[in-house]
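Both complexes shown next keep chain A, but they swap its partner, so chain B is in the first and chain C is in the second.
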Partner chain A sequence: MEASELTGHISRRFDKDIEDLRNNVLAMGGLVESQLSQAIAAIVSGDSELGLQVAKDDYKVNNLEVTIDEECGRILATRAPAASDLRLIVAIIKTITDLERIGDEAEKIGFLASKLAAMDRPADSYRELKTLGNHVAHMVRDAMNAFARLDIEEAWETVQEDERVDEEYEAIQRQCITFMMEDPRSIKRVMNVTWCARSLERIGDHAKNICEYVIYMVQGRDVRHTLGSEATGSETSE
Partner chain B sequence: MSDAAKKLLSGIALLLIGGAAIGWIYGRPDTGLLVAALLALVWQVRQLLSFDRSLRTDNFDDFRVGEGIWEQMFSRFRFERDRAARRKQAYRELLKEIRKSTNAMPDGAVILTEENEIVTCNRAAKALAGLKRKKDRGQRVDNILRDPGLTKLLQADDKSETVEIASPVGDGKWLNCRVVPYGADQKLLLLRDVTERMRLSKMRRDFVANASHELRSPLTVINGYLDALSDDEQIPPGWAKPVEQMQGQAKRMRKILGELLELSRLEGSSTVKEEEPIDVVALFENAQQAFEGHANLADIVVNADSKARLRGSAAEIETVIVNLLSNAARFTPTDGTITLTWRSGPDGADLIVSDTGEGIDPEFVPRLTERFFRVDKGRSREDGGTGLGLAIVKHVLARHDAELTITSEPGEGSEFCCSFPTSRVVVSPLVALS
Partner chain C sequence: MEASELTGHISRRFDKDIEDLRNNVLAMGGLVESQLSQAIAAIVSGDSELGLQVAKDDYKVNNLEVTIDEECGRILATRAPAASDLRLIVAIIKTITDLERIGDEAEKIGFLASKLAAMDRPADSYRELKTLGNHVAHMVRDAMNAFARLDIEEAWETVQEDERVDEEYEAIQRQCITFMMEDPRSIKRVMNVTWCARSLERIGDHAKNICEYVIYMVQGRDVRHTLGSEATGSETSE
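What follows is the complex of A and B.
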């Protein structure tokens, strides 16, 4: 399926509805991406104002989710779409839920960043969170790119990327435990770092979900919980 | 009529006449005419079929039976065909050259339709923004570069605006985006790598902020001792005046540092984040009260024409009012008047501070908002100006999408007009009533 194949219905209005819907989802994706990158920047630069701003701006993401959800409902009710159109709508309904969750996690990170900014800062100014954050931000961007281009190869690559994010999260977790054992006074601060890492790891999972919806939308097969073990072209799906 | 056409017509005429004449000899002129006409038809059809065959097989040697007008038509067709092919080749070469040159451009260029769909892009756009020429054709560009700032830029009517977005490829890279309309309904999106420029301007901002911050702490110590000294009654009488002056200058230095910090904070982000509706008239009255009671002050008149509210940061707008008012107060004699006006119209709203003071020489007006610029070097330093007030005003207004217009007539007075766009003005009667 190509992006251009989404259009070409007898009803021009339907084409336009679907195109607008897609554009809105991608605009929401863009907003979430910028929220996430700002939240990461707030941690790295210790900018409490920026962190709080991110937390405050989450309502924009929520508003978009509600708008898109309503629009999906309207299209389902009035157009009764079938085949690839139906898959598109279903995938969009799921995608925006995950995007909204990513927004929530970004809000949480922004809030934690403003707390961390008030505490002692380690010499490396949270380099490990920055690395993990950039990695995850890349995943979200690739997921939205795959959605825009209906590119299942990119989607698969992103799905597999999640394992590396999990490994990095694991490493940060261990590092944090070591810090806490070495100096119990740092527990309060390091707990916040752990929460940040946890949120970032969750964002990676959501990005992975979005990629799975893209594969579902394009190929019509469900690749969830198959652990990415099968290759793109395999026929083993039930 | 060409020779060939004449020849063809006369040939057919001769044939027909000949046929009719032979028929007449045998007493059947009509049969003779018919036979002659059939002969002419067969001859022409044969050539037509041959013409068609040689066109289809593309083999010109097939066209053997052609003569007269057919041959002429055929050679004409051949000539046009060769010319078209040559032209096509030339255009192809030209296109290749143009593509080569656009690919050699260091800036990314993306051709967009009216709906912001990508038509094509050059190599730099691929490298800078991760666009894919084939895959992204027909996609809306803001679906691929999903920065809210870029989306806003593409929808904006003002095409002179630019926006900085983080590049999706390569971490920490910044792209400056600009939209140029061209042709009937096409747009060109230009992307320029401004990473280095952003880094330099950030370095400059950070330097100013850090330097001001570092200078503050020693100044606090000096201030403390000066305060103690001025309260001390045992110091020699000759020292009272110098201590007082030192105190005054230290206070001024603290003010300059404070304003420098404020400026670097304002420069840090391009638009204001707070969007509360501000009651400008109330801010006018606050400022008026703050200034009343000062000695040698001109009359301050508040002129509230509008009940509209302004969306933005109240603290920053208050800074604007206080700065403009203190400037006006310094340059207006005691018997003059300073007028604060708030008015709104269909094109937005204006915040105006005008005075009947000494006015400004027109040649200095464009330079007034420069940092530390002074019209009269000696004088403004004495009366407490820092030289940063109007620079702060300019930055605050830029953050509120507003413009500062200064009109002044030496000896008559000056007018500082801040024009806010309609998007910043709330005229809702509910808000005005509350």
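What follows is the complex of A and C.
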């Protein structure tokens, strides 16, 4: 085998490694999106069983994270990638941490759905949680699309979307406080609603983080902490 | 210059890079510990100005994160480290993400301290928050010590400590619900206490994550998701 042939062979194997890695991250993203949408459905439909199933399935997300992490370590150790490939792998190591934490929040929402299903149900079937939930689910989907297509424009738009999610979240929290003050017997139930809103709002933060890694990956520059939306001075924003 | 001399030279420069990197992570840990202890002090003493100062200083933590992240990227790209050095750098990339998020929680606690300072103060000066705060501050310190000395035993002990933090956190949340039901006029104030407790509990989670990276770094095995404490079935645990 000629040296150039060998190099070509190694580089094709490397390309395949990277392609497999990207596909695994997208699969993990798909699983997390499905967990999230089922958790929201469980809240809205008052389906305790579905909520508990989501919580139970979180181990699948965790397993994918460990697998992808090991794969990143293996590629770093054996291929010593440079420049853009290296940035891709560092970005993936960070991205899967955020995906795993979105999974953790979906797990919590699943448990909360199961608790809320056993309590009085408001006439609007938690419409605000549904709206906020769909909003952050959309952010997660857009973040994964930006990752898949290395689409900086979509990444930036999604980063900016997080401010609107924060506003919706603040509105829900104010409403919850009003409900509790008007009807103290509702406090236990409404606290579950506030935890649920909190988890959804955090999912928006994680989606935003992923978009920032996409921008870093493509542009090679770190845009975190430069967007002025980190310190809003609000007690309820994360 | 002989080849062996050159190799020695490169490896000494590499050692120095790694040493600088470790020192920067420890400095970042020290800064985060200081932010956290000041935030707790601001709550306990009702010091609005101190709380706002902590929030304002969060940018220092963010700047250190970006600097260390870039340094890790540079070392990965130029030195292509193998085995334990590679694990160290991957662990550092993850550790500083958690340190930065501890900083974010301290920032939030700072804002909350400023709000609470302007409200009625309970006779016990938020004793439970102080206890929980000191507990998680201890976990952060132990996590950074485990990192500094690559001390697996301390890392394991700190991981286990997180369960006790979760119990304290649950107790505070139950107490908050009782307070609000007994005196609905206290709801706005008590909600700030619950957000504060939530932030402290999350800091415990981040300290636990750092300890798990230390174990990975030393043993080369991933212990996340194997400790059985991830899915407690509780609505309030993170």
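Rule of thumb we're sticking to: the second predicted complex is superposed on the first by the 217 of 238 C-alpha atoms of A that agree within 3 Å, B and C clash if a C-alpha of one lies under 4 Å from a C-alpha of the other, contacts with A are read in each partner's own complex, and residues count from 1 in each chain.
Basically, a contact is a pair of C-beta atoms (placed from the backbone, for glycine too) under 8 Å apart; a residue touches a chain by one contact, two chains touch by 3 or more.
If you're wondering where the values come from, they're calculated on a predicted model, not measured in any experiment.
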Count the residues of chain A touched by chain B and by chain C, then name the partner with the higher count.
C
By the touch definition at the top of the document, which applies to A:70: first (chain B), second (chain C), both, or neither?
second
Which partner chains sit in contact with A:26 here, chain B, chain C, both or neither? Use first/second/both/neither.
first
Considering only the touch criterion stated at the top, classify A:222 as touching first (chain B), second (chain C), both, or neither.
second
Now for A:37: first (chain B), second (chain C), both, or neither, which partner does it touch?
first
So, does A:108 touch the first partner chain B, the second partner chain C, both, or neither?
second
Would you check which partner chain A:180 touches, where first means chain B only, second means chain C only, and both and neither mean what they say?
second
What residues on chain C touch chain A, complex-wise?
55, 58-59, 62-63, 65-66, 69-70, 72-73, 76-77, 80, 82-83, 86-87, 90, 93-94, 97, 104, 107-108, 111-112, 115, 173, 177, 180-181, 184-185, 187-188, 191-192, 194-195, 198, 222, 224-225, 230-231, 233-236, 238
Touching residues on chain A, where the partner in the complex is chain B
3-4, 22-23, 26-27, 29-31, 33-34, 37, 53, 134, 141, 144-145, 148-149, 151
In the complex of these two chains, what residues of chain B are touching chain A?
130, 132, 135-136, 138-140, 142-144, 146-148, 151, 166, 168, 171, 273
